[in-house]
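Please find one structure pasted underneath; my questions will follow.
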Amino acid sequence: MISVENLSKQYGATTVVDGVSMVIERNSITVIVGTSGSGKSTLLRMINRLIEPTRGRVLIDGHDTTGEPAHLLRRRIGYAIQGHGLFPHRTVAENIATVPRLLGWDEARIRARVEELLLVFQLDPGAYAGAFPHQLSGGQQQRVGVARALAAEPAVLLMDEPFGALDPIIRAKAQDDLLDIQRRFGTTIVLVTHDMDEAFRLGDHVAVMSHGRLLQYDRPAVLLTRPADPFVSRMTGVSDRAMRLLSLTTAGEAALPGVSEGPAVAAAASLREVLSELLWRGADSAVVMDADGTRRGYLTIAAILERGRPG
Amino acid sequence: MSVRTALTVPRLRRLDPLGALLAGAGAVAAVFLPFVVLKSNRIVPGDPRGLLDALPAWGALGCQAVLICAAIAALGVSNARVRLGAALLGVAAVALAVAAAGDALTPAGNKVVRVAPGAGFWVLLMCLGLMATDAVTRMRPGPGLRVLFLALSIVVAGLALAHGTFDHLSVMREYAVNADRFAREARQHVWLALGSLAAAVLVALPIGILCHRVPRLRSGVLGTLNVIQTIPAIALFGILMVPLAALAAAVPLAAALGIRGIGAAPAAVALFLYSLLPIAANTVAGLKRVPRAAVEAARGMGMTSWQILTGIELILALPVILTGIRIVLVQNIGMVTVAALIGGGGLGTFVFQGIGQTAIDLVLLGAIPIVALAFSAAVVLDALAEVLDRARQ
Amino acid sequence: MPGMAAILRLAALALLLGFLLMPQSFAPLFTPLTQYGAPPIYDQGNLLTLALAHLGVVCCAAAASTLVAVGLGILVTRPSGAQFLPLSRTLVNIGQTFPPVAVLAVTVPLVGFGEKPTLIALFAYGLLPIFENTIVGLQTCPPQVLEAASGMGMSARQRLLSVELPLALPLILEGIRLSLVINVGTATIGSTVAAKGLGEVIIAGLLSNNNAFILQGGLVTGLMAILLYDALAGLERRICRTAHLE
């Protein structure tokens, strides 16, 4: 669990992060969104102390992060950035092994971990371990960047626009991979993005920032339906189209095969209506019923939001 | 911040590290190193004199007062203009002090005794110069202002020299002895540097254009020019002397034109050869920078290839070409010095004579104007390239 | 083309070594340039010894310049030395307008004749290109790479040693090469201040009016400079290729 307590950063007279407090649950993905210059990266970089806060503090599992030297703290926290930042003079395997080496792991363990990660990220160790970054495609470089951030089995992974440099098709794939990885390793992920759809797709929680302040921090569905601020609705307004899309699709068309718990909804209802129903009842999933009372299948909030994603 | 508050309320809380370094070095130089050296003739080692022994008391105290002000400004003032002002005042004070020391220590009518600036003077001058350079760097003056600074410095230095302020110093003594030769060699120096540059522009520009148009030629031609650049100047002079001597012997016209194995001809040819690479390479780089769209548009409007070249491409490439010319001019001014070794003349004559006689005053008589020339050329051409580059955008 | 370059390179090397080892066998070529039975081949010293002395001075000075210049370059690109960066830039620019000969000439009266002034001048002048390239190399490291390095928990020192310096290496090597080439030329002039070196041959030719000396001095020095430049460029390409830094 990460507790951010009243965190602020000032450069001279300008305040770029202003009194942000939030609690990030363990094993969840938290996405920070906001316009350019709203202080997202600054907030993220204060968590691993690449930037020292002017005021406030960050606790990880109850321990104040200022309690240890910054570079040792960072070795425990994964960090992945846009454009991957791979070391051009080191092979893929050496890149991934960076933090384990800094931590003094023995060579056999490092080798095993590198191999495991390459396999997880669908890179054949035989072909790619000895390759140099410039020999990889953009998508592969990005995967190596994330693999490198995860190498020392960090409990927390910070990502600053990790998919920003990827084209839309590869990006969707990379997002799927990230969800898999998160489930697999149970990492707590904090991710910054410009892309609302990415936020809704990945985030268990979404934080909306503007001018250094945290406007709303909640589950995506709540952000969509109960924005706390006109700015938030304008931010999510990128997905106005998504809401319209949801009104055009019926629950029957979208129902997933299978059984699930939850309230029953009519197959003829629009997804928008189903979403409101679920949020109203605080449930995660609903059972879709045909007019004749037979079960058609089920729907989850995530699946509905997924439907609303354009493209 | 006015000068007064700056000086009376120095912000010593934040001591400027560079200022501390310079003030420390300057203080050591002023106290422990000889300010001037008194020599009974031009080549014997001299008798060192500190600032206090070299000047009348009021002069020494005045100079020290100005230096202390400069040190305070260096330590505690952050305003760049104030720092520059203090540094320049310091330079003036040190220069006047060394001139006054020359006047005071030279017995009337004595032409043999030499008063030379000592290590203390040079270190002080260097510290103050660094302080001024740092201030100017922080002020980021535009090209116009930089040239104006340069012109002002030249005028001030020229007036001081014309007025005879420094006449009792050893370098000026050497000048007095060599006055007419100095003018001749200086002219020869500039002439060699500029002449070879002009010839190189005429040849290297077409080479550059050709290399740009025919990419196949590029690596070969530029590679060859690069090989020429790596040959040391004096070696290239030597290599050229033999064929030029042969030419003079075989073709009377060549000899009549002043081409000989020894002298200015091999120097001029070598400088010309050295100048080719920077200009040709920068022409290629400059032309490469021209946006394709501009050329396409011009072609679309029906301009001929020649019109596109002269009206669009070369104009757009000019700042980069000019940078090449700057490199060449500065390089040539330095390299002409070596021409003196093969009888090519120029200010290097004094440098090498000075080395031969271990007469540092004579060396300086040649070296100071060379450095001043090269520095001025760099400032002016840099400014020109910057103005053109801005006009382009 | 590469084949051609290799042949030229080998031929130049063979010529240089042949001449340095067995100068007398080239005598017939140089005899037409002499007058009044003057010796066609330099006879006031061993050419090989001179060439080695020349190289020695150049390399010693370059090693010292490299150490100091790279050290200073690192210093002014750290946060603690950042204040000195603009000034250092300006100083390098001004320094490069000083002709190397002037530096040499001014040193002589201060330290006397011989190897010393040459070494000092070579050292001082050799600093400039290395310092400049070190700064540029360290400053042009891709910011994301540096960010990633710090983000992963490298200390400032680890980041410098294992990321920044390796990435700046190609430019630093280029600086060293430029400085070596300038040094070969300046060391030639060092012979006018009685430093041992190949300039001696040319100077002797000038003094005794012997064109054969002048030409062979010029050729040997020129060949050595070109081969040195070429060898260093090759070494640079090789280091960069194995480190994948092109």
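The first chain written gets the first letter, and so on, giving A, B and C; residue counts start at 1 in each chain.
Just so we're on the same page, a contact is a pair of C-beta atoms (placed from the backbone, for glycine too) under 8 Å apart; a residue touches a chain by one contact, two chains touch by 3 or more.
If you're wondering where the values come from, they're calculated on a predicted model, not measured in any experiment.
K.L.:
Considering only which chains touch which, label the overall pattern as line, ring, star, complete or other.
P.N.:
Graph shape here is a line: each chain touches the next, no loop.
K.L.:
Among the chains in this structure, which pair is joined by the largest number of C-beta pairs in contact?
P.N.:
B-C
K.L.:
Could you please state the distance in Å, as a whole number, between where the Cα atoms of chain A are centred and where those of chain B are centred?
P.N.:
Whole-Å distance between the two chain centres: 59.
K.L.:
Between chain A and chain C, what distance separates the C-alpha centroids? Give it in angstrom.
P.N.:
54
K.L.:
Take the average of all CA coordinates in chain B, do the same for chain C, and state the distance between these two points in whole angstrom.
P.N.:
So the centroids are 22 Å from each other.
K.L.:
Which bits of chain C are touching chain B when the two form their complex?
P.N.:
1, 33, 83-84, 86-87, 89-91, 93-94, 96-102, 105-106, 108-110, 113, 181, 184-186, 188-189, 192-193, 198-199, 202-203, 205-206, 211, 214-215, 217-219, 221-222, 225-226, 229
K.L.:
Under the stated contact criterion, what part of chain A meets chain C in this complex?
P.N.:
Chain A residues touching chain C: 48, 50, 71-76, 79, 81-89, 98-99, 102, 132, 134, 145, 148-149, 158.
K.L.:
Which chain B residues qualify as touching chain C in the complex?
P.N.:
Where chain B meets chain C, its residues are 17-18, 130, 133-134, 136-138, 219, 227, 230-239, 241-242, 245, 261, 330, 333-335, 337-338, 341-342, 348, 351-352, 354-356, 358-360, 363-364, 366-367, 370-371, 374-375, 377-378.
K.L.:
What part of chain C is in contact with chain A in the complex they form?
P.N.:
142, 144-155, 158, 163, 166-167, 243-245
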